[in-house]
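Have a look at this one before I ask anything.
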C-alpha cells in the first residue's frame, strides 16, 4: 500500500456518524474513498455546498457544480448550496467537525505552514486559514518527510497558515497528537521502526505510549 | 423598470481605473462575456476583487493576460501561472486575503458595517499592519469592509424585476458582491417571464442595476 | 384635510420611481396610500420583505405574513422574503433610498429622538436606529407640535435615535430641510402663517426662501 | 440520523438558568409549542434573546408572565405591557439592542466572528460602555458576537435530513439563531418525505440538532 493510501485510510477512521467534514485538495480528497458505509459523513466544499458526492460519470459533468479545487463533482441527496459568506460562516463558526489538509510544515506547537514558499511558490491561502482556525478538529494528512527532509518541525520556518490549531498529524509512519506539552506518537505503523520515525521528525516526540497503527 | 444593458453602454460605463468585483470561484459562476467586453474595449488599470485569478485564458485571467489589471485582491492565484509571473516581475500587485475574510469584508460593506473581527490570520503574516482586538481573551483581526465601483456577477435566472437565483456552486461570491458595489451588472442565462417565487429569491431586485441576458457565456 | 393626511400626501411626493422605501409604524404607514400610480416604489418591511402590498381582505390574513408592526399584510408580485440579518444588511448598507418615521423630538442638527421617554415609555428602538443611520434619505413625518408644545427643538432633550441623520421634516405646517447651517423652511402650507410656524418651532428657522406647499 | 425530539426529553434537556434564543418577530415565526413546554415544566431563571417581548399571552411573553425570565435581550417590548411593568419594578432585566445590531451579533457568533463594527447607535445611549472605533473618519461601535445555549426556532418544513425552509416573514431571526446556539431545536409544521431542493434550503441540516413536528402550533 502506498503512503497516500495508508494516510487516507487512517484519517477516514477519525470520522464519526453525522460529522461535517472538509477535505482539502490533493491527498485529503482521497479520504472520501475510505469512509465507512454505515455512517453518514457530510462533506463540505468551501466554494458553497454540503453533501459532496462522488466524481460524475464522464459526459455528465455540470459546469455549475465544482469543488474547491475547481473539479466537477456531484451532490448527494440532502445536500444544499450556499454563498461564500455562509460557507465561511459555517467554517469559522465551528460548525465543521473536522478539516483535513496537507502541510508544507507542521510543528511541535501545532502550527501549520501550507500556503506559501516565499519567492518560489505563492499560490495564496484560499480557504485554508479559515478552515484551520474554524474547524473543531484539525487533521494534517501528510507524508512524513518531503524527499527525506522532515516536515514535522520544532518550529515552522515558512509563513504560517495558523498558529497552534493542529490537533492530529497522520503520516504513513504513524499518528501524532498535538498536546500542551508537545507532540505525542500515539500510533506507529507496524513495519516502521521507532528509530526511523524519530530520525524523520525534527520536533521532539513523546513516544512512551503508542499503539500499533491499523493498516488495512 | 428596464434593466437591460447592451455591450456598447457597458463599455462606455466602465472607466479605466475602476475597482471591479467579479463573481465566480475558479471561473465557476464568472460572467465570462462581461470580461470579454472589458477585454475588447481595452478598459485597463483596473483593481479586480475576485476569489482567485482564474485560469490563464479564463475568468479574470483574461484581464490579467491582456494587461488590464493593476491590482488584484484574491484568496489564491495558484491556477494562473501568468498571474504569479506578473506578480513576481512587479507588473501586477496582488493582495492575498483569506477566502473567508474576503467574503466577510465584501458582505460587511454591503451590510453597512465598518468591518468585522475575525480570528482568521491571527499570528500569521495576514496580521501585518492590522489592528488586533482581544475580546474575552481571544484575539481577532479587525478586517475592514471592502466595496467596489462595479460588481460583475453571474446568475442562473432573473425575473422581470431583476430578482436573481443562482446555479449550484456558481453561486459563491456572486450574491455578496451584488450588495457591495455602486453599480451591479448581472449576466444571466435567462430572464423569465414571471416573477420568481418570493421564498427562493437570493438577490433582491433592488440590488441589481443592470441585467445582461444571453445563451452564449463565452466559456 | 386633517394634519396626518396633509403630511402623508406631502411625503409621498418625495418618492421616485424605483425607490426602496421603509415606512415606519403609525403616520408614515399612511404614505403608502398616496404613492403615484405611474411609478414603482418598493416598500420594505424590516421584519423581512420587500414588496409590501395592501392590507389583506378580511378572512384572507396569513399568520406568516406580517409587517414590522405585527399587522397582516400582503406581498406584491416581484417581492421576496429574507431573514433579519439580510434585512438589516439592506437597511444599514444604504440600499434603502428613503425611510420615513415619526418623532418625539427632532432638532436643528437633524438629530432624532423617537424611542424612549425615560421612566415613562420604554418601548425600545426596534429597527429605528438602523433605519435612520442606514437609509440614504431620512424623512421625519410628524405633527408640528405635541398638544401645542414644539417637537422641533434646538437640541433634543430625550435620548437620541440617531445623531445628525435627518434630511427632511414634513409637518402639517410645511416642509423643513436640515442643512449644515440649520433648519430651512422650504415649503409653507398656504393657510398657515409664517408667524405661526416660527412660534411653533423651538429651533431657529431660516425662512428666506420657501415655496408654497402643494396640498392636494 | 433521527432528530425527532419529544416533550419529555425537551423538558429534561433545558436547564433552569439557560440562555435561550427564541425566533420570531412579534410572535410571527415563534415556536409557541416549545414555549408552552417550558412554561409547563416551569423552567426558570432564563436569559431570553428574542427580537421583542411578544404579547402578554403569546410568544416569549408567556415566559415573562410565568416569571421564568430573569433577563431579556430584545429590540423592543412595546406590545407587552407586562414586560414593561416588570422591567419598571426590577423583577425583569431588559437589555434593549437595536434590531439590526441584534441580528448582526447573532449572525457574528454563528459565523465565528468576535464582533462587528456598526454605525448604528453612535452618539446615542447605545454607545455607553462600548468601544468606538474610527475607520476612514467614520465612527463605529464594536458590538460583540452573541451566542446561546439553545435556539428554539420555527420553520415551515424540514426534510428527513433536518434541512429547513421557512414561511414568508416567519423567517426573520430563525435562520441566524440556528447558527448561534449550542443546541438548535426546530419546531416545524411538517417533515416531508423527500429531501428539499438543494437550491432553496435556508438552514442546512448540520445546524439543526432536533426537530419537533406537529400541526398544533399553540397559537
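Each chain carries a letter (A, B, C and D) given by its place in the written order, and its residues are counted from 1.
Please note the rule applied: a residue touches a chain if its C-beta (ideal position, glycine included) is under 8 Å from a C-beta of that chain, and two chains touch if they have at least 3 such contacts.
Computed from a predicted model, the values in this text were never measured in an experiment.
Chains that touch both chain C and chain D: B.
Note on interfaces A-B and B-C: more C-beta pairs are in contact across A-B. Inter-chain spacing, taken between the CA centroids of chain A and chain C, is 55 Å.
Spacing of chain A relative to chain B, judged by their CA centroids, is 29 angstrom. Chain centres here are Cα averages; for chain B and chain D they lie 33 Å apart. Distance between chain centres (mean CA atoms), chain B to chain C: 35 Å. Multi-chain contact residues of chain A (touching two or more other chains): 49, 75, 81-82, 85, 88, 91-92, 133-134.
Within chain D, the positions touching two or more other chains are listed as 104, 107, 111-113, 118-119, 166, 168, 198-199. If each chain is drawn as a node and touching chains are joined, the picture fits none of the line, ring, star or complete shapes. Contacting chain pairs in the structure are A-B, A-D, B-C, B-D, C-D. Only residues 1, 107, 109-113, 159-161, 163, 179-180, 195-196, 198-199, 201, 204-207 of chain D touch chain A when the two sit together in their complex. Those residues of chain C lying in contact with chain D across their complex are 45-49, 62-70, 75, 81-85, 87-88, 91-92, 111, 122-130, 133-134, 159-164.
In the complex of the two chains, the chain B residues touching chain A come out as 25-29, 51-52, 74-79, 84, 87, 94, 96, 98-104, 106-107, 118-126, 156, 166-176, 202, 219.
Residue ranges on chain D touching chain B, taken from their complex, read 104, 108, 111-119, 133, 135-136, 138, 140, 142, 144, 165-166, 168, 198-200. Those residues of chain A that touch chain D in the shared complex are 17-18, 20, 40, 42, 49-51, 75, 77-82, 85, 88-95, 133-134.
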